[in-house]
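Some structures to go through are shown next.
Here subunit A shows up in two complexes: once beside subunit B, once beside subunit C.
Moving on, here comes the complex of A and B:
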């Protein structure tokens, strides 16, 4: 880190010793997993810097914004519309949920059979190691899966200013109207928080800002269709992860710069490796920072990941929001339309997701699909079985993985992944 | 059984060999668990007969009803209003889900980490051993928990005529309006099935029929407040289980007859045992037939169960439906009001359930509460932790159990239950 941030972390109430340990592990993992890769695009230097300052400079920026009167909103899910947050003159950041922490304390509040993502949310809070969470003026939960919705009841006692949005379970007219009503309720809560009313102008500009960020990611994704792939899956995943908490305009520029570089690579048929590698599509649960276990194993086993059908990936970013509305309500409707399309496994039925996986497998010329399921994540683990069956009926090889954030199964995972990749050669 | 039902079962497409094995196990379990009890009320003879004919005479009755043109509707949940089914001139039966069956086949369709209740639903279908399911003209699912809602997507390929009702997740105005709209959709589906329009008269009569059944169970419950308890928890649970698929009027009579007998016992201070026994309230997941493991262990360990805060128990039966409406819509509203009060853990937040547990613990003079959680049932396992904490803050001892339908943990459960009961003496 470029500065001594310890006083800042202490002010936020972090447990400095535990936080040092976390940063130490994170730094080593980043070195081993990311910096050791060959043929990385130069533009990844930006993300290396972002990651090296993930709890430093970015937090300082947020605290500077707070000092200037701006509010910080933290969230755990892609159903929280960044458009509304920006339009109310606040900043949205995704909250830490990609590593085990303070497990003993967590399991006093949550059943052991809870998915790693939810446990991590609690672990970062109870262990006092997430400066994003501690900086947030509002924390937004959503009634997506059973695990999250029930966990928020307990999280409500651990954080101030938790705002929980209700969610539909079916893509019906009633479901859509519930989502729109909840987005209106969220807008009011934001306006109360910031004292800034959302206007046609501010909402349109916010939509355009978020769309620009998405468009940059779309450009990056499109370049990954090239064979050989011009960027590793790990690096592309990192961009998708940083999407969730970087400054939007700066992020958009950084991704577009990488794309400029990758376009030259594609033109020269240059890839991340000279040899032809099996191409993998990863589909399933979100992969929050620093949950890099699966892509690391896949890419060290001689394959390249060409796409993520995931919240941290195309499920979260594929759709733009229509900015053409001429009233706040028209834009609220456009926002609802946009998020209602997200094909999360919490919806029943959820045929769009399978269609999207098949579409991505074709578009990215994937040789096989790895379905990534977090243990005890019922919605995705349940969908995985019919998804695998449907893919195999179309002769798309599929490997179903069920794992958590520990490294205990790394050896076993590696064996299974290697065998799967071997069969794709 | 009093007749040879094998041709009937064969006609229903049951696997006769597997079904024989199931009935054999069931019969032995019933003998060991129920018939071996001492000081049983004579009125339990009715339920002994019902259970001995559970796949025999009751199925024959349903098939006779079908032959006479009446339709049979099967369901898995207390959110399915029997009032509507009866008003449309059909019969509602709860479907088998209390025992493991065909586990290998089930685990090809569902993740291993799925709760036993849902696996059992699939096992009875795949193993072809549930004559209720095979008799049903319509099977009703509901988007309650993640496990069920996603499992119905697969069940839809295994059964004909699956009707899935959407459910709210929060007790908001929007949630209630969704429930009412879904009940209207269900009413139309029933009317289409039976060709019988629901009228003010038929709906009022149906409400009264179901209320009478509930009132009989309330009378039975009230008698269990006496010390010593005049009936075992096992026998009372059995009545609550049979509630879900017996002929309503006959069931009401049978329960009232037991109550007449129990009133005399209470007057004479006669209990199921001479010695004073610790009184236990069981709270949590439903206990479907033949899932008698926990109450059997509790009562053989020297305690008596005095109440069930459960779908198969007071959560399912406590509220009556207002029959005073003067239009179908007024009664639909009353039905919605009644079911919207059910304090299932799928709702968030769900403070009414804790209040009800505390209320029951006081009313039934419980010495302690056993929270019964099915493994992988996220809503109840998540609620169990704050429930236990709240009870212990009020000095109500609480034991949290997490189990499934296997007998593998019976020894371990017995040890824990015995230790808990010991502490209550």
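Moving on, here comes the complex of A and C:
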């Protein structure tokens, strides 16, 4: 990193030694996994820069915003409406973590058999290595899966300002009114935090900002439908991962620039590799930075990932929010409509997700689907079995993976993924 | 042209050389030891071949050292099993450190597979440790277990926990042969579960080192009520499959 951020990290209360170790590992992993790829779009240089400054410049920007009186809100889920946060003059950042950290300390607070995503979240807090979390003026939890909702009870003792939002579990009229009521409660909490009332203008502006960001990602996704795929799954995943860290307008520009470049590639039938590669759709649990384990194995084994049916991917970014409402209430309704469509596995039943997987497999011309489940993530692991069955009935090969953030199973995983790719060739 | 296949497993390395018709010209075996690539090099010394393909858990190391193409054990066993049994649709491979159930399409391609994850449960290594705990040589373990009239139940699949379960059965005066049979049954329960997830009927080709154990074959057939077919040398199936795939790849290039 170009600037010395150590005083900034120290002010945030980070454990500098542990943090150095984390950045060291992250830097090496990024080098091996991303920079070693061939035929990368030039526009990915932006994301290389973002990643090299992920705990540096971006944190400095957030702290500058704070100094100017803006509030920072952290969240762990795509059900937290960024529109409301922006409209209340605050900035939303994702806090989900994708690496094991301070596991011993975590297992004093959480059972060992907790999913890696939740454990990692705690590890980054207890290990004092997440500058995003330490910058946040409010942390939003949401009652999605049992693991998360119970973990928030414990997290409440570790962070100053935890706001927990309740979540419906069924796509019923009652479920929707619960979500809407919770979004109103969240709006009030934000207004209390920032002292800024959400207005028709600020909310419409916020919806348009977030929609533009989503539209850029939709454009990127559409380009990945081309055969050969013009961008690696790893690079596209990275863009999806940065979706919730970066300044929205700058992110939108960066993604659109990559798309301009990819359009030329698609026109010239140029892909990430000369040879035709089996095309894979990844479906299931979110993959937070720096969890690049599965896509790295898949793409190193000679396939290309063309889509992510995931919170960090299309489940999180699908559908725009209608900005045409003429009152705050109308726009609140539109926001509820948009988020209520998210097909998270906490909903029962959840037929939309299966329909989306089948739709995506066809649209992205996937030769096979890898269902990515985090160990102990009951909702997605439960759905994995009917998903596999339904896909196989349609003659779409499916590989069910159940893994975590460790590298303990990398050898086995590699053999299974390679054998699956052989099956598709 | 002579085509070689080398299967670098966790316990043993097999080398098979075939002619263009798939006839086996040579087969060799060695222990993997702690340096698989050095062992593979020794095994290959003086063996004449034109093309080679590697499989097994050491395949990636071999690919780097010998600049050779590789194939997973799953595809290699599927191909090798078809060489012995052209109608095979289901293959069970239990090797030293992992086990796989493989379902094949009509044309011999892999339709679906299941594989144990992470630990040594239900593999050759598990049986080896249990045999040692019970004081049997690995060769005698299967026949002794087969002779027992019943099996004492072993519930744990974790190698470490199962070992202590076996130790406590011995302490309680359990018959060694019956405990041995119980150990075999516990591995078969797991293997049968994997097979049932991918295929519901038809003969099963049993490959890998564990297929040489007669009690395993007997219990597998009994548990599933399906015929178990054994190749002449089940341990060679992976290497043979790799050799045949090398030959087919070469034919495609020409």
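In the analysis below, the second predicted complex is superposed on the first by the 424 of 425 C-alpha atoms of A that agree within 3 Å, B and C clash if a C-alpha of one lies under 4 Å from a C-alpha of the other, contacts with A are read in each partner's own complex, and residues count from 1 in each chain.
To be clear about the criterion, a residue touches a chain if its C-beta (ideal position, glycine included) is under 8 Å from a C-beta of that chain, and two chains touch if they have at least 3 such contacts.
What you see is a predicted model, and the numbers here were worked out from it, not measured in a lab.
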* Asked: Between subunit B (first) and subunit C (second), which, if any, makes contact with A:412: first, second, both or neither?
  -> second
* A:178 contacts which: subunit B (first), subunit C (second), both, neither? -> first
* Structure fact -> Comparing subunit B and subunit C in the superposed model, the one touching more of subunit A is B
* Is A:201 contacted by the first partner subunit B, the second partner subunit C, both or neither? -> neither
* To do: Give one of first, second, both or neither to describe whether A:268 is in contact with subunit B, with subunit C, with both, or with none.
  => neither
* Asked: Does subunit B (first) or subunit C (second) touch A:154, or do both, or does neither?
  -> first
* Between subunit B (first) and subunit C (second), which does A:395 come into contact with in this model arrangement: first, second, both, or neither? -> neither
* To do: Return the residues of subunit A at which the contacts from subunit B and from subunit C coincide.
  => 402
* Asked: Which subunit C residues qualify as touching subunit A in the complex?
  -> 57, 60, 71-75, 98, 109-113, 115-118
* Which of the residues in subunit A come into contact with subunit C in the complex? -> 392, 397, 402, 408-409, 411-412, 414-416, 418-419, 422-423
* **Interfacial residue positions of subunit B with respect to subunit A in the complex** => 108-111, 113-114, 143, 145-147, 149-154, 164, 166-167, 169-170, 172, 174-175, 177-178, 181, 345-346, 348-350, 375-376, 378-379, 381-386, 402
